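Paired with chain B in one complex and with chain C in the other, chain A is shared by the two complexes that follow.
Here is the complex of A and B:
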């Protein structure tokens, strides 16, 4: 599933994770005592081979195989692990950073490919949307009422006294310019190309 | 308990409330109007990026820079008590303020981004807002008004059994800042109690995730539904309504319940409502013009038929 093998780097994974903006400076990764409380409450561990305690152990051992383990892509980002960890570690955050690292080096891009449209939509309208790539899957599960709801939505919102939510004009331009300056638009193009 | 504001509230729009359960926003407005909470909705506010962030698509800097813009809108309109309808917006905004205040490098990079985008006037200086004192969830505002709510109840819900689903991103990301415990969440239960319902205070899997898992719902449907199934099966026969405080959870349960019922071969029969929708109904709001039950997959009509006016 991974498209690229990861070279050994002289920086440790722990260091890289602690330096990542997503991780708070007091992330207790080094304090992990392998108690397994995270795993015992983890929905992904309950229903798949993923094991957050083991994932943290590999990171602590600087074992780069962790990046090639497809199971890390099963994490729900629910933070149940973090809320139960006695030493303020967060397997959830570590997982986010590992996945980011994999994607940034061109690995497993197919996993996010179908979500790229979310990014383009946001760039144009400043709102989150359900990517249309999945709309048919949702209709298959939710039935024909679902497309009907989408069709009727503007009327329903009017009836509820709610206004337009897509950004337009200057506000939309501001969001677009921010995402260009932050490198997000470029990131989308890059992901799209690899995918 | 922390100080909960009742004025200068920026009611922060949520992408999934917008398109899936708009009745959550209109119910909240109805409640705020009836409880004397002063708020505004800003037409230029962009989404928090949370779904994209957890699809592994948005990077931290892009999320931060967009948050800084929204914080500017809040300051400029003097509505700096940002109050979210969604648990993910809540935690994303808390994290953004925390980073902008405590990480100088992140702050200057965000300000450079804003400058490059021609938005120098939106630059953020440390401690303009506070993660602890400027970001709230609507449930907190309602909780602080619970006595007033209980005095305004017009419908008799005393025969309705209600269980609660406390959104993970409210309870588990900043547990020290939430006004309920992540190990024994009771916020929705206590609020429901004020509306005169019968509360099911504990059930197996009460603390478990809804299963949406952001990308999992789409990329890993069976895994996602396994987690949803845990909770719904645990509630079978125990409650009439499951209460929510996050549109993503509400969508997962309300839209996928029929899929799981089909697989199970019988009805689980739960109705899914946001706490604001339940409180609005109990205070006599119109189901279609305020509460927006017409966008639900599991029909709410059965419940409406059962609740009568309090004599």
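Here is the complex of A and C:
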């Protein structure tokens, strides 16, 4: 039986997103009907000029201006859009891929600078822990309960019979090796340098 | 031949009388006549007719200028009679165009005693080398004659469908279909699971009329039709009745129905309502979308048909007060459901739809907020016989809302879990209808419709303009959430045309709920073994040309059981289904071979034949497996599956196939290439079209017409390879309902041929499409060139 050959579209933002490792094969980006359900539910859209529907529109139009729009950095990956989208699209995921593209070309690295420590924690301890620079924000948000929890956590864990959560020894070394081999560590270094 | 007399509507079937067959292997073998056609010079300009003629060994050979002309009809008949011919070969053009003509010309002979040999479309029109074409013509003719010698005389299969129909579902579709059939004199039975007929239409209050640009009273339109149904002598109505089991026979269905009595003797009840007055049990009333209550003994609505009270067993506490109040002695707590055997020639599925469960979209708060309602709820509120007597009032406080926001596509056009991927088709019009009524009667109430696309197709666009003129706000955006803030409902939506997120404060939210297949539709499809589509509506046999047939013979579908549609379309489809039943009864009496026949004594009831048959022609008839000849296409998939070799395909037997294969390869010379092409009807049509377009392909291609590749077994192919075939091409149209069988067949043949040591590129499969004859031609060339290239190495 002859195989039907599908013609592949030319290079475009949509193609780039569909081909990205993060995107599932049934990502409904091309089926977007611009209904705006994502924007109506988007907390970032409520508090800023970010408009996920418009972002998707620009991607579909292959309008590279979308990369220069500072509003796309206001998404904080709550995935409400992804879980509501009637055509199985995920503006949140598209956003991630766009940011990755921007970062790869060296742009907007300052946006992720404060997360770099998160990556290093991962390399060193094998778990991602909240960067220390966020401490004050959390205290502002949660009040005195936060430092108290931080302080009491080892005791609480002991009482609950939970073990140390930082990886140690062989396991930690293994994670470190994987991160190195996969280019994660190198990427971290690169971002740190530019930042 | 069907003879109809004026004074009787009865159809009498008289089978045709053919010339008596000679006994096979008798001393006098069948006499064969061969008629050659020059087709003007379409055939004779390439093929040396003298050479061809002298090569033919037969009892009679003659050559004509135009064999299909009406003059030749006389010639053919005369020669048959004069020479006492038993079998006739017509060496002319394609059987697709003229087989019926020549079967008719050879009238005293059984149609299967006529074989057409296609020298025009598949020889003279596609080859230019006279010598090679003549050689091929001689061989193709010989193959045809060999096939003819092995042909079996078959009689048409006659069946008379019983003149009756069972219609499942008593909504507008079922009622319409029943009435149409009954008016044609066909006994129809409406089987409805609910206590009353009328379906969804009795609930909706008003219907939109794009013609008059107005809303009309649904019940006023429906009531006269229902009355006609009740009084019709050819219609029987069974309410509270379910299908338990269904069996299929050659001419009818045997159904086992269960009729629940509702604990009331229908014939005694006079619907005085005294029982309901005394009944102490109050439950939410589904008729009013649970916005009001009814008693445990009730009548759905005042105009309900049949006009009797019925007990809702789930809620009845059997206190006996109703029985005491009933002067007619109609109530009987000992009444048991009745099991009724029922027989019908045809079935129409009109089981309708249900409304989407809005709890599956909790973000819109249907159950959290009183004033978030569905369009069906709004229908009841706006209905003069509804909970508010037609006043637009909020459920929470009984006040007229200042603003109503409607949310379209609730559950429709939604790929998410629990969503319906399709468009429910009617909701745009329903929303506009309600907007129109509200704006008409409550000019101070603002109506906002949040939509993704407004689908007011065809003439309905006029209705949209009419409602827009009444004042309507349209917001293009799909709301994400309905919440409550300071006592007001808030609809959160992006106005996508403005690119701005909005929080719309409102007093009432109406959700345009999706239409989904009813539980009854799915249940009946399983019981009757009728195919459903992926959204679980009944699947029509062909979306374009067979919209009311199901994949089962004599079972038809109409209305929303088949997919979302409005009343207009449901009625049109119901009438079409009735017409199809009528057609089945009046003329669905003949089937032509090839068909599969099961030899019951060999059959061990394994059921493999039934599983493979995409036409659902195989069924179990009480204790035996049987084939419905009307549904069977003779493709042979079942024969290939049968471990007992109990199935024969009448109309193209093994001897015919072997004879053709052998003859097509018999004069192959050293160094010559031969490719056999087994083509189904579509493939054969494509090959003919190559001829019409006078496109050349190598003479090495020799075509055998088959009903389907499923007919071909590995032993046929091995026989061909052993006789000298260099390659075999099998081309077939990928018929949807047989795709699985095709795949299995291709796999089976490929594996078996490989096991015999034949290189795998010598057996090729191709998906044939009638208009894509160039594709088939390319296959012919490529196959030939590949083999030639290989031979050179």
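Please note the rule applied: the second predicted complex is superposed on the first by the 178 of 195 C-alpha atoms of A that agree within 3 Å, B and C clash if a C-alpha of one lies under 4 Å from a C-alpha of the other, contacts with A are read in each partner's own complex, and residues count from 1 in each chain.
Quick note on the criterion: a residue touches a chain if its C-beta (ideal position, glycine included) is under 8 Å from a C-beta of that chain, and two chains touch if they have at least 3 such contacts.
Since we're looking at a predicted model, the values are computed, not measured.
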First (chain B), second (chain C), both or neither touched by A:28: second
First (chain B), second (chain C), both or neither touched by A:105: neither
Partner chain in contact with A:62 - chain B first, chain C second, else both or neither: neither
Which of chain B and chain C A:149 touches, first, second, both or neither: first
Touching partner for A:160 - first (chain B), second (chain C), both, neither: first
Chain touching more of chain A, residue-wise (chain B, chain C): B
Chain B and chain C footprints on chain A, overlapping residues: 41, 46, 80, 83-84
Residue ranges of chain A in contact with chain C within the complex: 1-2, 28, 33-42, 45-46, 51, 53-54, 80, 83-88
Partner chain B, residues of chain A touching it in the complex: 21-22, 24-25, 41, 43-44, 46-48, 73-80, 82-84, 96, 99-100, 103, 111-112, 114-116, 118-119, 122, 126-131, 134, 137-138, 141-143, 145-146, 149-150, 152-153, 156-157, 159-165, 167, 170-171, 174-175, 177-184, 187-188, 191
Residue ranges of chain B touching chain A (in the complex, touch as defined): 13, 15-16, 18-19, 22-23, 25-26, 29, 41, 43-44, 46-52, 54-62, 65-66, 69, 98-99, 102-103, 106, 112-114, 116-119, 168-169, 171-173, 175, 182-183, 207-209, 211-216, 218-221, 223-224, 226-227, 230, 255-256, 258-259, 288-290, 292, 294-295, 297
Contact footprint of chain A on chain C as seen in their complex: 363, 409, 413-416, 419, 452-453, 476-481, 492-496, 499, 501, 746, 765-767
